[in-house]
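Handing you a structure now.
Order as written gives the chain letters A, B, C, D and E; numbering starts at 1 within each chain.
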């Protein structure tokens, strides 16, 4: 396995992919899948950065303060993220589109603010109880938890991703997978098929949170420091871009998106100060020419047709709001 | 202490502890990791400029011997830990640099420095002020004074001179730089038995500090203690004055930027900063650096630039003394540097690879900094 | 010269060829009906004429101008107005706003008169003037879109299954309106499943099958055609 | 089988249903007709759990169901189609039929991941049933097409097939023949009758009176949210109240 | 009591800036049906054009203000042509447009950074301090201090809101905008030139965003290519809180967010002020899923 990974990295080095970059690529592939699951179910949830933060902090505290091995931390981080997803999902998943998006971004921001203030908060409670000023430190606010050993290895990530891919293939052939697609296309009709829409949405939301939590644990043990700054709005936007640029019509798209978008800035280092401009340009151009994402057959066939001069159909309806009533 | 450094004949690049080197290849590469994009590029950009300035001077003066050029391979980390790791890996593994400057932020350093340590390559923080940076290993250095070496002196001096009893504290709590500053301030205030009548926080990118300031000012403090970065500091100072606050404003590193004085104008009167370096520093090396920098880049340098500039010179000196591009020998030579004349003053590395030099405490008056207590 | 001349029209959806060379004509004051089975391509013809779809071949002449490939809003401005299949009301606007939004194309200033005329013809709409159009029943929405098209002062009105989903009483009403419009001298291109009714108002009929016109004739002739009788009149 | 007792539903000012009582006996086809906006769709929405009445009771097999959510009602055995077609447009025709069988399955996601025997058996059953429905509704040739790209008539047939896939006891059809030509309408009518003969109870809303007369065992007429007539096809056809409110004078003498 | 009044003043002047930003954001959303995440870059460009005009061209403030609005408006239209129109043509999913707006934002910010470096030598620039008087107007009787520029912002943002309200609610072009917002195909059949409506809406949104950016720059003096990030999330929160697509909603949301932040600070929770904002947002969305002034579902489900 190790030899295989090293060989792969040797091949990738000329385009700027060293082992740590490779590892971040894999972590981001997991994140891409995490948001893909909710998107696939028609949920525009952007809570992933928040769950990633929860996973990262729980995981790191487990290895640092409780001396658990990475595997234990992984389980812990995933369970914590999944458990927190339950009370968050039940009220919020009733919201739609942008309202769900902003509510879940709000959740992420609240998580971030809680992490920033956790120590102070506990400290001030202790101060009240004990009657003298107490300084409490566990998660260190903006300072971050430092000195985390680098426990994540490439093969952990590859193995995790392989298992995940197997799970996803099976998901697509299951009742749950079909129910997710149905809910995305028409919630009302889905309910008429006997699908418990609320239940399915919550299950998917929890699965998504668990994956984000796992990515958090892995990432914390790669970056060696976890700070709340790393899990802000920017991160959320990045994660969304992984999935959509990769293409959300199959689970393979978000994986590719995570890999490519992580590698891209590293591969573009030779551009020096023009790097950012090109990153933006690439994102823009790719999505404009392949609106369905990199991994999407219709996207590519339309793209190819453009250059073989076959006319396209002009925009079709449904650019506006959702359908009228349930007549 | 300042005056001792300011002896006329001391010049940068003339640290004569080591003879001119003879065994260096034509090109020696060091790496540099700075935040060149994103909001931190304000700092990273001038750091990178300062390093270029130092390298030009080093190469022109033949500091590393005839025909030897010291070059920096500079990588952008955008303030992001993951990118810093990637950049560090690229520099030490692919580019095979002999040593690395940076990264700009302490949080990035905690991510990236272990990579250098594991590869036996020196890394020198030139703006990392958090606690515990050099604990990461014997290859990890910094030339930036941690806040803990600057602020206690600032508070002590201010207390004696201004007779402080009660202060309000305003700090950014989502940034490890301003938060570390806050930690040290609180400790120093406690040590000096000063009462904290109120604590308020803000977040990076906040623009309106009126609510917090209004609350703090309502308590009629003797001074406002502010731990902020430059952009927010300008707003805090002007808004505090606009709200009618006239007392002293005591700040750390972040307030110590020429832009702060320039932009807050009148309002800056009474701003007290303790810092590793200040543009008003009268020492000749410091003046010369500020002049050269302004000439090259049409902007006044800040403390981060001065530290980056010094960092490049320190590496040049270590390479000169090691007379080798062997990473371990360079590390050893670096650790041995004592009393190196620099814009920061006479500079030495402590046993734990932290910097030793005198900080400065200044007060702003009529748009200029003057040494606190010595002002007219 | 005919008001509308369609010559050898081809339209595809990707690889699916929905129209495979359709030609027909429509003169001033005429009502023409297109009938055909599901998926024959009737809606596709209307969408192509109105500019919602771009033809892959052929030519469309309207009022002596070649409008092939024109954008939909330009086609509408020229007076070729389509009432689309399904009920495309603007759900977020009130009934009244839905009606008035099309009025900007009018070349006269009788918008208000027309509005009142429509309200008196469809009292149900009048009762629901201020209601959001999305909350109307299916039939009410159908009335609304026909009314809206009239507000645009069409020179040729294309109706796509206007009686779909209407109660028999209203079906009669809609065909009454079609007859009225015809009486006003506004030519109509009518797509209908209710072939019996369509044949009553139409002057001329084209029968479409799988993207081709397979039969054409005056309404009177086709009414007697045994094939048509069995296939479309049931 | 299905019974509505005094069901009312108002939306702000509009009283869409006021005190409607109606019953669908086993193995019968009941027609529901009435002018546009009379409240027919609202009635179906209330029975199918998409909407809930303000007053009254809805009984299914004697059990009150007026408070149950949509998915539960489907599982109990009531299926419906929509006036404005609601297919899963991006899914293929076949997939639409697989989704239709959702409520019949028991296998959970873990069983799917580990290929449990129950999962495999269920999937086999789903597919077999989907093929059967495709055949029966003449959709086999378009089974692989995206449902949204089908012509209107095919979409209607698919909706009906999908509703049947849930294995209902009662079927609610909201204008199943809208957009169909007379030949197609007639064929669909025969389908509906077959379903009744197979044991289903059916409530059908239609404006196409030929279909109503062709298939319905009894007919209710709704106007302004109230039942104004109830009877057999022949009784309704000649009822002056119904002619006045709904049918109008049929001037071409057909039907 | 004294501080309370001052805090109210603080909240109002902060709210004016948020709401001005939110207005343009909301306009584009309602017509596009997609969040234009590049709107914060447009905001930045307003401040940027302004600072460039004042510092490099030496224009007077009013001219710089107009240049900023027009410049941002044109940039916004460019965005429509480059990032949105091609996708609409291709009938792309809305989420693809969201991503292209992210790409466009990255592009604009990075180009901004290059220009800043080239023009100012570093990635920040300052409006000259003398440009506007920061000396506060002091109302002794109430012990309130307000910088005059902040009063101007409050007034201008109110005027612009009314203008926008009139335009969208009462004019033909506004009606057409709403028709396009609902369904482009239907609008086209009604003879509405959809492309032109888009260009108009984007220009308008850009003008508003640019004005907000310019004000921001003038009040806070400091301009960087990244100032858009500072308001992006808060602006988004404001429009969602107020109700997407509602003009008064955007304005109300802006003031509400500002008010909440200030209240949290007054109550001693400055560290939690954004958490308070989001918690309230949560609570409101659960009761009114369409936001405070959002259109109630005009569609039945």
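A few notes on this one:
Definition applied: contacts are C-beta pairs under 8 Å (C-beta built on N, C-alpha and C of every residue); 3 or more make two chains touch, one makes a residue touch a chain.
What you see is a predicted model; the values in this text were computed from it and never measured.
The set of chains touching subunit D and also touching subunit E is given as A, C. The interface holding more C-beta pairs in contact, when C-E is weighed against C-D, is C-D.
The most distant chain from subunit A is C, comparing centres defined as mean Cα coordinates. For the pair subunit A and subunit B, the distance between C-alpha centroids works out to 36 Å. The distance from the centre of subunit A to the centre of subunit E, each centre being the mean of the chain's C-alpha atoms, comes to 28 Å. Centroids of subunit B and subunit C (each the mean of its C-alpha atoms) stand 75 Å apart. For the pair subunit A and subunit D, the distance between C-alpha centroids works out to 41 Å. The set of subunit B residues that touch two or more partner chains comprises 37, 173. For subunit A, residues touching at least two other chains, in rising order: 116-117, 120, 188, 273, 276, 313-314, 317, 321, 323-327.
Multi-chain contact residues of subunit C, defined as those touching 2 or more other chains: 13, 51-52, 87-88, 91-92, 134-135, 137-138.
Taken in their complex, subunit D has these residues touching subunit A: 41, 45, 48-51, 69-71, 74-75, 79-80, 82-84, 86-91, 95, 98-100, 102-103, 105, 107-109, 112-113, 115, 119, 122-123, 162-163, 166, 174. Subunit B meets subunit E in the complex at residues 37-39, 41-42, 45-46, 173, 200-203, 205-208, 210-212, 214-215, 218, 231, 234-235, 238, 242-244, 259, 262-265, 267, 297-299. Only residues 29, 33, 35, 37, 82-83, 86-93, 95-96, 98-100, 102-111, 113-114, 117, 181-186, 229, 232-233, 236-237, 240, 244, 271-272, 274-275, 278-279, 281-282, 285-286, 289-291, 299-301 of subunit E touch subunit A when the two sit together in their complex. On subunit C, the positions that touch subunit E within their shared complex are 50-52, 71-74, 76-77, 81-82, 84, 88, 90-93, 97, 100-102, 104-105, 132-135, 148, 152. Per the touch definition, subunit C reaches subunit D in the complex via residues 13, 16, 35, 37-40, 85-87, 124, 135-140, 142-143, 161, 164-172, 193, 195-197, 200, 230-234.
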